[in-house]
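Structures for review follow.
Below are two complexes that have subunit A in common, paired first with subunit B and then with subunit C.
Up next is the complex of A and B:
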């Protein structure tokens, strides 16, 4: 039997779809594996059942891009091997061959690949605060997903809190959808917004959109506050409100606001576990305070048959993801002798976006004093129910300076999410306790399965090779 | 960083053997340096299954195992934590009549060692252990065996040794070690020079290099466990489980997770590192569902592996070197050192202070491989 392996793309968001499109154009038939039920990814997520809403009402200013991406996917669908609802939970290391372990409709399959393009996207970056695990507290991304995919809101009176462009976008989307937006609580000081002036020179459209969201929120009477630090979620079995401190011109004020749902987040964090399991080399990114797979301008990693694209290779947003997906595919085609990448234009376009992200990051900075402001009894790792105090005690008792050691001795990051949700906070806690930078405490090693899989996952392993 | 240290005993390898030896030696009044290339207890001592089991060991290991059995309940007083140690009982299943006959024969062989084994067969098995599916013809229960959390034990021993005055050097690989005639000289880490009277080689899967360094090659091979852990579930499995033949073992920890293993993981390109085997993990998961139908629908949250040392006859190497005066070996525990290790630490302290062990260890002499090595050399 002759076996001819195909390239496999993991993820069918902006990066994955554009990568597939590029490979199809070159005459290849890639396998596209996606965890979602419909292609589109997060930002251009599609509803499962058409609910009659127009692209304009669902995607707002990004309606044109969403439509183009969805149409591009529909156009290549006959030419690709597309598997929705497929969780890729393991990648073999080079010495064990090119193989993915996937869970498809409850059945474990092993799928070989000739090359792998990882377009695994991102999740919200969250940090703990008192009451963050109370029912009714959501991430910004989840609150947006509820709106886009299910056509529902997370509550009737919603407060939005955190840092990042998504904060104002989602609040505005909720306003448009008819929800009552009680407040937008920006954890960054108002002075950070001066960087938007610089950004306006490079990306006037982004700044104009952002300002219009802010203006419309204000016109609708939504309270906007800066320099916020939450003190406590009010309510125990359900969110009833939020008490917070905020910096004012004269000092600090403590205020409370009633709400029945709270959405919060601090920009995004990349999903990099598959690149880690594939054996790709990682490097610490100081701006995003996160370890990323090393990549060249096109998305080649340290492993010659693995490419990365999209937010999973570093947070840069949907536009950059589309570009980097195409770039990774171009690199693959060049490396396999099919076509010169001829990518200077795309590389330059992506670089321009990355420069804008640098400025955006200054306008929506990460709250690096966060852990100092959170009381010790707050839950740090919700899967394993470890408090900040317990984390601190483990660090002191074990003289811990490395994050995998913290996991081993305290169970932080050892639970269902495998550190995907808590490692940002655990990194802050440990580096703060050690007086080092976030990059010096190392990164949690990925372990398969990257997400939980059922114990009795179908019994037999079905090896699968497409020719 | 240049640093000079002079101690009575240097211990290479801060696993459970090395760290418990460090504590025992401090208690005996010796000055001790405990050296680890990574973190104490981060290799086999930290990533093993966590079985604190006497049942199933060959008779020559049982005196050592019984000695350790007396130490485990004292952990809280010795090292400050109980390390989640539980005398849950260890239940070893037989799938076939032939396997049950082996359990019966084992019980007969070790009758005089005081394990208190109970053989249960037929319908009595499900009556007694109703959570178990009827997939076994019989079982042998060792009521006072149990399990503990391997991630916590060795670091706590090392911490207790340090509080008792031992010098603990983590992230400190040994670069050179040599006998000087009246002791040893070690070059470790970033310019650390250690002089000692006696030296312990408890470097686990890396021990063969140090043994070879003193002209004592050993047929050590590496094994890699393949472990699976579920999300926390309601407490239901009261015992640590094994099977005759060893293809499946499992326990439920206090937090509720089922920790299960069987088969072997696979080394990576750098054999210091390994990955769980998906094939082995799959068969462990299948067996778990068969044995515990209540686990259908449970989620597996993590696999893991590690690096352990195995000797060809299934027994460890414990005792004095036969080439070098003042050198002691303690390694090669074949995936079963967790329970015995605290006793090995005490034995090593006795060997240093008294020159002899109160627990028989003759079966573990490094010399048993000398003839094998010589024969192999002659046949080449």
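Up next is the complex of A and C:
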């Protein structure tokens, strides 16, 4: 029966497209399921219609890579079974067969797979602070998506805050697009940037680009601050400004800045729910403070018919995602007796990028002291509107030491986003309260459906399934 | 509503207009807009939160945070950031307006 099944790739970003390309080259016809309207993923996302902008204008220094990836997709399109706007919301466990539950144009379907390559990507990693749910506050990635895919800026006078290379890149892109960049507020101390010197040896292009963005922002008169912690968004129905603290030579200073939009974030967090539902074994990654599906150098998981690639298997960026997509497909071909993987070169290239990520993480560190200074009445979970105080009370009342227990008793992580926006903070909150490390509080288990889906009962009534 | 539009359009400025209604009022978006872009180019929110009623206008824009659900005049909901705007769509972002209508 399985002979008639095809490999299924979930995701059509850098990893998914390169995986599909490799399988097509071996004579296979994979099914590619894409939640997006057009292939490209998030970093090389395409607009719904052509808006007259060049690749250079849309993707900047990565224009060549974006164009090559899109062209590669168009070239294999006749040879694959591509299904855009398709949400995969469940994967059957091995005992229950090789089935995906999908929602395709509002219709539920089941799709079988011979093997599964998960290229599910990442979302922004965020942490709460007073006012983070105010209209006009977006993630850093969102501010870039608005510009890249819709040709809009999130406001006229924008503040960018957080930690990561994206902070300076998006601020620069907004400057180029004609927005007023009121400030770039780096949450990392200025001393962390010394690690860029080390990075320059291994990845001179990345460092040169980053320095160029920083320099152009400064030349344009943009205020750049380091060691920043936000105190509160000013304005209630919309963003009117931001009050923040920053480290100075003599101590701390509190400053306010007027703006009509704020974009913030702290690098990315992987989308791992489908690998979890598939029953793959997970391991804690201390550097990224996140649980990842166990994988070998090629992307094999603990489940013999499931492979992982791209940022969903560990944050490593678009270049590494293209490589790991091809590697996962090569592993699949080897495991099914079609071709030896012969992947030493690609494995080495991916390893080199992973080493660069280690240095990058030191130059743009995660603010692990964040929750220590966020007021208790701040919203922790934006779906269920649970405050940090309620989270703390639940932890104390139930002597909670495990993250799923916290979810059960406080509803944090139980809402529509399934913890995508609050799990980083919930982990920090719980490990802080228990005096343990982030890895010791356990892993928030995925639940199907991994995103809200409409359910038709008798074809007329609509309801929503939440877990 | 005294709220200012959130988004500022930089491209597709001359693209074909697409009519829709927002809380019963005629509005226009542009071809190639998502529902989110169309609404936030003329308004400052997409919905009010279930528990505290605070204004929300989306957050991640890539279909992950589920914060940008918008109610349609037909009573269903769409995820605004990942739904293309179609002509004559009708949205409700002001629950007060709905309950007033219901009492009439």
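We adopt the following convention: the second predicted complex is superposed on the first by the 453 of 467 C-alpha atoms of A that agree within 3 Å, B and C clash if a C-alpha of one lies under 4 Å from a C-alpha of the other, contacts with A are read in each partner's own complex, and residues count from 1 in each chain.
One rule holds for everything that comes next: a residue touches a chain if its C-beta (ideal position, glycine included) is under 8 Å from a C-beta of that chain, and two chains touch if they have at least 3 such contacts.
Small disclaimer: the values here were computed from a predicted structure and weren't measured.
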{"item": "Partner chain in contact with A:416 - subunit B first, subunit C second, else both or neither", "value": "both"}
{"item": "Which of subunit B and subunit C A:246 touches, first, second, both or neither", "value": "neither"}
{"item": "Which of subunit B and subunit C A:289 touches, first, second, both or neither", "value": "neither"}
{"item": "Residue contacts on subunit A - larger count, subunit B or subunit C", "value": "C"}
{"item": "First (subunit B), second (subunit C), both or neither touched by A:53", "value": "second"}
{"item": "First, second, both or neither for A:452, with subunit B first and subunit C second", "value": "both"}
{"item": "Partner chain(s) touched by A:156 [first = subunit B, second = subunit C, both, neither]", "value": "second"}
{"item": "First, second, both or neither for A:238, with subunit B first and subunit C second", "value": "second"}
{"item": "Subunit A residues contacted in one complex by subunit B, in the other by subunit C", "value": "384, 415-416, 452, 454"}
{"item": "Contact set on subunit A toward subunit C in their complex", "value": "35-37, 42, 47-49, 51-53, 123-124, 133-139, 141-142, 145-147, 150-156, 177-179, 237-238, 260-261, 271, 382-385, 415-417, 420-421, 451-452, 454, 462, 464"}
{"item": "Subunit B residues within the subunit A interface of the complex", "value": "39, 42, 46, 151-152, 155, 159, 230-231, 255, 266, 268-269, 275-276, 278-279, 282, 285-286, 288-289, 295-304"}
{"item": "Subunit C to subunit A touching residues, read off their complex", "value": "3-4, 6-12, 15, 31-34, 37, 41, 44-45, 49-52, 54-67, 69, 76-77, 82, 84"}
{"item": "Parts of subunit A lying in touch with subunit B, wherever the complex brings them together", "value": "90, 93-96, 101, 108, 110, 279, 384, 397-398, 402, 405, 408-409, 411, 414-416, 418, 447-449, 452-457, 459, 461"}
